[in-house]
Amino acid sequence: MAVSNAIKEQDVLLEIEDVHMSFGKVLALAGVSIKIREGEIHSVIGPNGAGKTVMMNIINGLYMPQKGNIYYKGKKINKLKPYKRAKLGMARTFQKVEVFGGMTVLDNIRLGRHIHSKSGVVSGSVYIGKTAREEVEHRTFIEEKIVDLLEIEHIRNKPVGMLPYGLQKRVELGRALALEPELLILDEPLAGLNLEEVEDMARFIIDVNEDENWKVTCLLVEHDMGVVMDLSDHVFVLNFGNMIIDGTPREVQSHPEVIKAYLGEEDLYATRR
Amino acid sequence: MSTTWLPCGVYHQNYAKDHAWWQTKFIKGKMIMLFIILFVVIPLFADSYCLSVCNQVGYTILGALGVQLLIGFCGQITLGHAAFIAVGSYTSTLLILEFPWPKIMMDYGIAYPLSIIIAAVVAGLWSVLFGLPSARVKGFYLILTTMAAQFITVDFIITQYVSQIGGRGQAFSLPPGTIKVGPWIIDSDFKVYFMMLVLVIFCVIIMVNLLRSRVGRAWVAIRDNDISAEVMGINVVKYKLLAFFVAGFIGGIAGAFWISNLAAISPEHFPWFWSLWLVGVILIGGVGSIHGTIFGSIFMVVVMEVLQLAIMPLADIYPKLLMDFLFIKEAVFGLAICLFMMFEPNGLAYRWWQIKNYFNLWPFSY
Amino acid sequence: MQQGDKTVQNKNKYGIEITKDLTIPKLFYEKARKYGKNRVAMREKEFGIWRPITWHDYLENVKYLALGLLSLGLENGDKVSMIGDNRPEGLWAEMATLCAGGVGVWLFQDSLIDEVKYIIDHSDTKFLFGEGQEEVDKAISILNECPKFEKIIWDDPKGMRNYDQDYLISLKQVQQMGRELERQQPQLFREMIDKGHGDDVALLFYTSGTTALPKGALLSHNNMLTMGKHLMAVDPCLATDDYVSYLPFAWIGEQMMSISCGLQVGYTINFPEGPETAQNDIREIGPHVMFAPPRMYEQMTRTVQVKYLDATWIKRKLYELSTRIGYHVADLKFQKKQIPWYWAFLDWLAYIVVQKKLKDHLGLSRVRNAYTGGAAMGPDHFRFFHALGVNLKQIYGQTEVAGISVVHRSGDIKFDTVGHPIPETEIKITEEGEILTRSSSVFLGYYKNPEATEETLQNGWLYSGDRGFIDDDGHLVVFDRTKDVFTLRDGKPFSPQYLETRMKFSPYVRDSWVIGDKREYVTAVICIDYSVVGKWADEKKINYTSYQELSQLDQIYQLVEEQIHKANKDLPETARVVKFVNLYKEFDADDDELTRTRKLRRAFVEKRYHDIVDALYSDNDNVHIDTTIKYEDGRQAQINTDLHIRKVKDCKLTVS
Amino acid sequence: MELFLMAITTGIMVGSIYALVALGWVLIYKCSGVLNLAMGEMTLIGAYVSLSFYSMGIPFLPALFLSLIIGLILGILTERIFLDKLIGEPVLTVIMVTVGLSFFFKGMVELIWGTDTRVFTPPVFSIEPVYIGPVIVGQAYLWSFVAAIILLIIFVCFFKYTRWGLAMQATADDEMAALSIGVSARFVYAAAWAIAFMAAGVGGTLLGNINGLNISVGYLGLLVLPAVVLGGLNSVPGAIVGGIAIGILQNLAGAYLDKYFPGGIKEIAPFVFMVVFLLFKPHGLWGWERIERV
């Protein structure tokens, strides 16, 4: 694939191009390319250790790839720090929840509003005026858009650390949404949830993707094949650092190698059924 | 733990009220009582000794606030905070003694207040300088760099160079009348007390407000999980340095304030012991709690005073004790820290919270 | 407390004259005009704060909604149904229906699809207000089976983005239509309201029959309003009071407080954020007046008892001491004796030390009057609240009198009675002991059911079907439903409900069902409280995996036996429970075992569990169960187990 | 040139003492994960104890040996009483306990022995200087160096070849594995503290012989920190190299920089060096960067 700085396809939100990443002698990604288009749900599947999380960390800026390029809205963002990528409209959740356990649900989500607020040390320390107004605005946004969507009214003032795992995942999603992202990276949002919670979470993902208020493009890493095939517009199959196929769910399901590798092993992915 | 417990029948119809500080009449009443005690009762009835103890407490609170901010709220362990207090003190002192103030500013007592602000800024910047490694260094290595800040600043730069300015030798004496705020010459415990109150309240308000707004949340996020914080769009390095600045700033205020209580300052006022003492204060008070800072300060100062009072009568029988008091103080401080860490690792603030909860949940346990 | 007809003038203290001409919309309009933007009509906890809605907003919303309904084609007397959680939109919809000359029908939010279909069909509903996606789905699935059903109006947009059927319309759109109509005919709303008459049907209320299909009671504007007036004459509320509306609007008690009384007094109605936050939200508001069925109070008692069990020693002791004082003082009050100063002092101490805080936890700090009705409340629960210093009153009434007809008066409370009739209400006991009521609130009749109407309504007297008598103090004592009353082996009548509520005072017992009509002895089927008993078992290090397993453990039987033993105390020997069995599941309204208001459907359970009943009256120690049960999420499970039958100690089996 | 050689030689010799103390420090960290800030006070106690025995007329070596025994006992006691309860507590808590300990020890030392500088009388080592090529070295330095080297060798051999030493290494590497071969972690923790206490005592005694003994000898405990940072927190060879390097650095700074920065440059140089060093190698010379997993 030719590397060029020419303007990429219009509707491609994020593109990674021939990315290599290794840790010491371990090669985690060996030339992976993917295009994520605006408005879609693009899933990445693959066995454990296939490099899915590494891929997310690279997109997100936590790792710097040794080779290859990352474009976001046509701009190269290889060297951008994670916090700058957040400001560009990327948000993510983590495989094992990384919430701030000591803070309340509201405070956790407020943190997601960080990039949308302006109050600094001085106005923050007096609190009257700008900061107080801003706090009220954010609270309104959080309550009306996020708490309502995720149905977490009953826990808004509880410390997140004391909540059950399923709710923590929900809070983490809420925190990511508070950034009002354009690209939402969801690293195994369904892992460890029970049937009911999986249904809820899948519904939230669809809501966020389709709802007028949000229209967020989602990059989803998931093990649960059923949900992945239902939700996704495109599925990217990764196996030990290499791409097997990137196509629609139907194409993926009929791909011989994929069938051999995953879909055959019913019970591996059917733990919750 | 984090939200206030409201009695039945208190509800909010808008967010501003929900975000307010004091939400019930009971709390408002309590705070008014506190202010009356602080501003009226204590000054009216306390003698000079009591006031000096109060001032000591206030100084400790001001010093410990910065440590609390760094350790308790931003997770950056510091063992060299006395350096920044020293910078504040010396900046303010030098400004008063050496700077050619216009006479009017001296006469109307503007010089000293102004010097406090400048001292705070200088201390803040100095603190940022030693916070720079925090961009790359974590945990124990950061502890070492902050320790280095102490040695480099106090034991080297201040002792060897700053103290030589003006050729006064080790100690800078502050002639009576130099410390003047507006029309008042700060020359008694009584006046220092009021200045202390104003500054402590000012700094506590700053801290509390910061912590409930964007900056404070960013700090706490960095403390709890810096990777997550960065992904949320928080510029971790910037906010760490900001924390160092604010901590140094408050430390500078503490230092500049304290010269009003001293006839002369010398590097011995800011030993490493004082840095550790401040960390001890917040540990005993409770890490990550403004209440804790205040409780810890009161507790430590009062315990030491009580210790002194207890030893004084014995000194008649055994005079060496009086000389040894300093050592006893050190040993007791050390032992206190050890015992607190072992038996009350969450500090007094947690106890306080538990007691409050005990009554809030009364007559049940949850 | 003033009583009797002469003190109740036509113009009551709220300055409203209730004439035959007055309707609910007229009263509403008058109030809304009077208070305007200065007073809060309702608050909804939404997005974390209590958003106020002034009378002005209330009026605006109702006006446009009513006009919108007209544009949709509502005609006088058309039925409009409503289903959903308690929320302002629900009340607006009802008020708008009434303003537009329609008749309101409320459905229980958790009704199963068959119940919804029956009521929509039977009531000839034209429009349905559904809260959101869930309700809309229900409605869509029955739309084709109900010929008169035309449009579904929803108000919560969540999850509705993919619904575009033309029989769906949002509340906002309806209001928009109303706005347009107003532009054309600015006076229409006024005229519409003025057209109404007090004897018009306002609400069609479906009673939760314990035996047969629900019957639709027709209530007029006048029924509702006079009811409210009379209750408020007994216990006046203030316009500044707060009331929390969280019980289903399909329950007459909630209508009574939100419409009949609320409108006359003008107090603020508060809506909780959602069902799971209701308890907390009630506590935040701290209402001044409460009306709830006994199960709510039973739940509170249970909470307190469970927490008490988990408290530390000192807290437990203080609690015990203060309740003992409270009970003593409450008993003195019940006996209308002077309370000696030292007891008053002790009571004050108990209040300061324990009860104040306890009431705060329960959200009862500000309660002036708390009412319980809809079912019998056990004397233990009743005394419990009085010991706490809560002015809890029993009421007696039914849907057919638009709410209540008999209530306790402050200072004249007996826990085994329901008090005196409210003003302008007559109570009579027939020779068979049936309670009859006559007042201006007695309903118009059942909808499309003349036989039942004839049976119930004779010469203006309402035949309640309840057995009762009037005691020496003139208090009405309600015994039980006539058809439920037992005949014990010694020929005496006995109320099973009484014994059931006594057993339910134990936190471990969630539900109980007493059997023994015309039998040799009395037995009971017990449903343990899973969370409380489960916790108890955890503490005792008893292993269990499910409700079913837990309920059959020997230790649990032991525990339940103690509870029954306590309940048996003070009862005549023939009325004591002799044998009992722990059921393998809890009673559930979705299984038709309970009504939506959680009353036991005796006939149904008797049929369903006839094996168990038979076993209880045989010599067997076991009864084998082989059945399937349905869980809430739709899964089914095969139950194949033996239930133990246990004799209660100290109880003789045979007739002596 | 001579100055340079002088500085280097003295640096190595003093540095060997630092290395000895640093070894004790690393041992505690390696075995129990405790970052010990009370090392300086531990050296003080050892030094004062041997000085007391020596003043009582006991010959130097037996006095040193007695102080080793006392150090052993104190080390075990300290671990048992104070540190045992803190396993699994946050870093700050543990550090502050050692800070608390350092104050406690210091206070006690000051109470018992006072603050005046004391010297070993009669001097243990002859004051006659020794000539090594062009370099003049005090005998105290030389003998200290020899003693330190001997002890270092003994310690290293102890770890490499004795059962106990191997057990300690096993625990440091993998506590579970150590437990499975029947080594009690608690025993190892106590042993680590005991050895550290003994090493510190020897270091303090030697330093006290060179400059006389007062509270400032406790400063040694702080100098250890740059040494271990340089060498990596959990490396025994690193500690030795780091200790000697810091000794050299200190003496070089004293020799060459003192005229530009009069005063305490000798004391401050290791710390300045440490800060600068950390800016470029945030994880020490032999430390490693952990990949943070999310």
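As written, the chain order gives the labels A, B, C and D, with residue 1 at the start of each chain.
In this text, a residue touches a chain if its C-beta (ideal position, glycine included) is under 8 Å from a C-beta of that chain, and two chains touch if they have at least 3 such contacts.
Worth saying up front: this structure is predicted, and the values here are computed from it rather than measured.
Two chain pairs, B-C and B-D, are weighed by contacting C-beta pairs, with B-D ahead. With respect to subunit C, maximal separation of chain centres occurs for D (centres as means of Cα atoms). Computed centre separation for the pair subunit B/subunit C is 58 angstrom, with centres defined by C-alpha atoms.
Rounded to a whole number, the gap between the C-alpha centres of subunit B and subunit D is 33 angstrom. Averaged C-alpha coordinates give centres for subunit A and subunit C that are 46 Å from one another. Shared interface positions of subunit C, defined as residues touching 2 or more other chains, are 48-49. The residues of subunit A that reach two or more other chains are 62, 94, 98, 139-140, listed in rising order. Residue positions 14-15, 18, 227-228 of subunit B each touch two or more of the other chains.
Listing the residues of subunit C that touch subunit A in their complex gives 47-49, 158-159, 161, 273-274, 276-277, 280, 633. The touching residues of subunit A, when paired with subunit C in their complex, are 106, 139-140, 143-144, 147-149, 153-154, 156, 195-196, 203, 207, 210-212.
Those residues of subunit A that touch subunit B in the complex are listed here as 60, 62, 81-83, 86-87, 91-92, 94, 98-104, 107, 110-115, 117, 119-121, 124-127, 131-132, 134-136, 139-140, 157, 159, 175, 179.
Residues of subunit C that touch subunit B in their complex: 43, 48-52, 283-286, 304, 307-308, 310-312, 315, 318-319, 322, 353-354, 357-361, 363-366. Within the complex formed with subunit D, the residues of subunit B that make contact are 71, 77, 79, 130, 132-133, 136-141, 143-145, 147-148, 151-152, 155-156, 159-161, 227-228, 273, 276, 279-280, 283, 287, 324, 326-338, 341-342, 345.
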